[in-house]
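Two complexes come next, and they have one chain in common, chain A, joined by chain B in the first and chain C in the second.
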Partner chain A sequence: MRREPPQNIGDYAPLLFPAAMLTVFFVVPFGTMIAVSFFQRQQGGFYMPAFVFDNYGRFLSAFFGGVLGFSLMLAIAVAICCVVLALPFTYLLTRTARSVQVIWLVALLSVLSLSEVIIGFAWSTLFSRTAGITNVLVALGFMGEAKALTPSFGAVLTGMVYQALPYTVLVLFPALVRLDPTLTEAARTLGASPIKAFFTVVVPALRNTITATLIMVFIFALGSYLLPQLLGRPQHWTLSVLITDQAIYQSNMPFAAAMAVFLVLVTLGLVALTVIAGRRGEAA
Partner chain B sequence: MSGLVLQKVVKEFGVFRAVNDVNLDVPHGTFVCMLGPSGCGKTTLLRMIAGLDLPTSGAIRLDGEDITRVPTHKRNLGMVFQSLALFPHLTVGENIAYPLRIRKAPKEEQKKRVDELLSMIHLAGYADRPVSKLSGGQRQRVAIARALAISPKLFLLDEPLSALDAKLREAMQVELRQLQQKLGITTIVVTHDQREAMTMADTVVVMNGGEIRQAASPIEIYRRPADSFVADFIGQTNLIEAEADSQGRATVFGQPVAGLPLPPGAARATISIRPEDVHLTAPGAGALNGKVTFVRDLGGTIETFVDVAGRQIVAVSTPRARPEVAVGQPVGVALTPDVCVVLGK
Partner chain C sequence: MTSVFRRLYFFLIALFLALPLIVVAGVSVNQKQTLAFPPEGFSASWYGEIFSNAEWRNALAASVTLALLSAMLAVAIALPLAWFLWRRVAPWANIFQLLGVAPFTLPPVITALGMLTFWATAGFYGQPWTAVVSHAIFFVTLPLVTLSLGFTSIDRSLVEAAATMGADESAIFRTVVLPLILPYIVSGYAFAFVLSLNEYIVAYMTVGFTMETLPIKIFNALRYGYTPTMASVTVLFVATAAVIFGLVARFGDLPKLLGAMASDEK
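Let's look at the complex of A and B:
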């Protein structure tokens, strides 16, 4: 369906409501946060309007830089794990019968309905020494004695991948369903084994979808602050944890705001880089 | 023996038999068209030859080797799909080079072969274009070139020309046939277009209900159809019931027709007469008499619809070889025994 472009002011009327909602609930709070990030902090948890860069200055230390680096690394790791796991899974899922697809998708949606807290405690139980999965491995004779797998980086990663995987599958699903199944058949008649066909045809043909999914999971994982605390050690805490800590427990709003703004900028920068790299790859 | 052999091939989808006990010999270098209405099992048969579907039972041999269970990618064949299935993320050249790249051919060799194939399909210099920028006919050629890149033993095409407009389709049929003759490659095309099959094939295989109804040269299929399905499916025909009278002579609509051979001992049979073999005469001069019900004058040919004893017979003639008759006038119909084909059951 093709529509004419808006001719006069009146044609923009349908946009008014969403624009107003977006302004009130997104632009204004975000603007406030940016403003607060330049405010001067006062003893006792208050702050006064000012225009100082102290908050950003404080951020540029090895400690906060390290936390920022870890947060980004964790989010990237989660995004890559999710896509690597979800892509073959979703591809095989789209080739199964409709009834099987429905069962899987309902199961994935029910994972989405679990709260982050439940997921965190469930995994911390599963990774514990007394009641965890290592006991099963011991019973099966694969391990000598049960041990705790949490807190650790692996536990944080597992919990976050578990949480983000349903989103990843649901984002990839429509694109994979639309993919012409004769493309892989053609690759097979041309001499590619099914696995080779997957990597030389399905993956490259879905390059843009995969990039978009990576970005989505990356941003989703960047905001996570509960699971790193439940399943990790303090060195596995993300910037979001520190922001919460500063905002709520240290009552340092300006510094928390500055970190949040910095996180947004770094995220936007990375996303822009990915998109530009994708464009260049397409042009080449 | 050399070539493709199908032995008692059966394919079942649940309780439905898509292909039922098919036997077929395709000698090396022949061009076979599998023809039939949709759902007759021709595409399923092609997919089994390609290895994309496995037969429920039966064997497929290529040059004496049993390939029934050989996976598709080890069969060294070329296949053109109805959707063409060109890879959207690759350029024209990369698409054609794909089977060579998969087989890890050296880069220079790939490039040389791609240039060779592009000039064969009259698209030299198109190697770096994205496939989305090509016209329908050009994509068609690229799909053909890609399938032929490794000089396969077997060239399979599934309704390859159905997406093209009528004029381009006719041109591509001739081109495809000439290409096949030049390369001498064993080729199997699935089509529902009988004109396409007549144009290209050495052997036409007419299928219906999962079975081969007749496999023969196009002209044999046209002149000597095996049964009423084949006669009706290939071109236009008049199907007439003939009966034997008390003296064993063949009669049509109660009028004896001299020289019409009925199978010995048969009381009745169906006869097929092509419209161009039906000659109109003055009333009373032919074997049958009828009345003209409709005339379709196409300029080059004229189709005359004649009602004979309640049955319709169509005659096609050139304007000069036809008595001047108009709708409603009586007319005679001549039946020459040697153009009447007595069909099997």
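Let's look at the complex of A and C:
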């Protein structure tokens, strides 16, 4: 059967339900959110239709600048940690037996699907004074007494790397599976050690993939909305946390919406960059 | 040398991924209501608590119902769309493919806030079914990607043979396409189900004040009083995810499924 253009109006029928659902429940809500970002806030958590830029004007404050700067810095740190950890791991994983791969993939998917609530709870327990890792160190004699490691920046970073690492591996996996094994074989034949072959052949060959992965993990980390709240102090809050906080607890929907629109623009800009990096990769 | 290095590296990554879960599993078997690790005494009563305590049981029921229904709706949206895009040449229809992938690519808080403003404006804010629709849209990406992949793997000459033998469009779909695509429907459903079960922010922003799903319940427990039940629920979640993905791997081609998923997402 060849693919053919729709002959008559009836051929469009299958498209009707999906198109209607996606339009009504994604495009319209998105539009609503953009509209609300220009609305005027009123006392008591209500807002009324208007067309004001006040909500965007608040971006110009030092506080907002600080939060934005911290969010970007945190997401960059998470992306770098994840790619550095995941790249050798994924490379080695693609060179193991299929059955081993499947077990790892199941484990990675299970961790990836975990709720941020659960990841936050698990790490706050691991970093707590009563049930935490410091108790093990005390038992082994490395530390005098157990102490809490959270809230702290390190805890936030660890939690977010934990959340994003399986994602990073799964993004890298297809590119590394397709990597021509003769490349490294050639390097090995010419006398390079496995580690040298990895850094001089695999890494350069995957330059564009690595760039694209860094950006994708960065976007993923930018979306983390609970871990900075559960594992960090208020100064570790990110844009996503702030949006949730404004929408739910401060009842300032217009400002929350304006921040969300801003976050979309940042994300879309980065997706465009990823696509460009991907195109260059195909051309090369 | 490589294999020693590989074992060590795999072990360290496995330890990192498993450590918090080991601690949580330990906490979940405490005898008393403390979050101690190593556990003091042994008791499985916190697992019973999930089912015997009405609050946790209701949260469990709410989460499972939400996940079952929203995954079903997500598949119902994705299947005709993926089929149409495979069957027809209609480049402009790709816009819907893009719309289907967008909610999952953007930071989740954006979809959540969009849904919140939408349901509030439409006057349905807080109704349980709004969470089903919201989750279905949020997770439609997963069945859409697995199904698109599934359709590309169907040999078009099979369909042509059926048409030559006189089968009409609906008979072809029922007898040829559907059996071939079924594994992809199941895995798409499974992915959407597990993720919906774990989802917090969209559920919280749409029905957070009227309905408690398990992640919402855990979050509330985090703020207003710890109990080992949180740990036992976490263990239950991890086990559920592992079993479901294990089944997908057992009956489908997981490496292939993931190989295409990530390259589609780019």
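Please note the rule applied: the second predicted complex is superposed on the first by the 243 of 284 C-alpha atoms of A that agree within 3 Å, B and C clash if a C-alpha of one lies under 4 Å from a C-alpha of the other, contacts with A are read in each partner's own complex, and residues count from 1 in each chain.
Criterion: a contact is a pair of C-beta atoms (placed from the backbone, for glycine too) under 8 Å apart; a residue touches a chain by one contact, two chains touch by 3 or more.
Bear in mind the structure is a predicted one, so any value in this text is a computation, not a measurement.
In the superposed model, A:207 lies in contact with chain B only, and not with chain C. With both structures placed on the common chain, the touch criterion links A:173 to chain C but leaves chain B unconnected.
Legend: residue contacts after superposition of the two complexes on their common chain; A:196 is shown touching chain B, with no touch to chain C.
Partner contacting the larger number of chain A residues, of chain B and chain C: C.
Contact with chain C, but none with chain B, is seen for A:101 once the two complexes are overlaid on the shared chain. Contacts of A:186 after superposition on the shared chain: chain B is touched, whereas chain C is not. When both complexes are overlaid on chain A, the residue A:264 reaches chain C alone and has no touch with chain B.
Residue overlap on chain A between the chain B contacts of one complex and the chain C contacts of the other covers 194. Residues 180, 182-183, 185-194, 196-197, 200-201, 204-205, 207 of chain A are the ones touching chain B in the complex.
Residues 1-2, 6, 9-10, 13-14, 16-17, 19-21, 23-24, 26-27, 34-38, 76-78, 80-81, 83-84, 86-90, 93, 96, 99-100, 102-103, 105-118, 120-121, 133-134, 136-137, 140, 156-157, 159-160, 163, 194-195, 198-201, 204-205, 208, 215-216, 218-219, 222, 230-231, 234, 237-238, 241-242, 245-246, 249, 254-255, 258-263, 265-266 of chain C are the ones touching chain A in the complex.
In the complex of the two chains, the chain A residues touching chain C come out as 1-6, 11, 14-15, 17-19, 21-23, 25-30, 32-33, 36, 85, 88-89, 92, 96, 98, 101-102, 105-111, 113-126, 128, 130-133, 135, 162, 165-166, 170-175, 177, 194, 212, 216, 219, 222-223, 225-226, 230, 240, 243-244, 247-248, 253, 256-257, 260, 263-264, 267, 271, 274-275, 278.
Residues 50-52, 71-73, 75-79, 81-83, 85, 87-90, 98-99, 102-103, 146-147, 149-150, 156 of chain B touch chain A in their complex.
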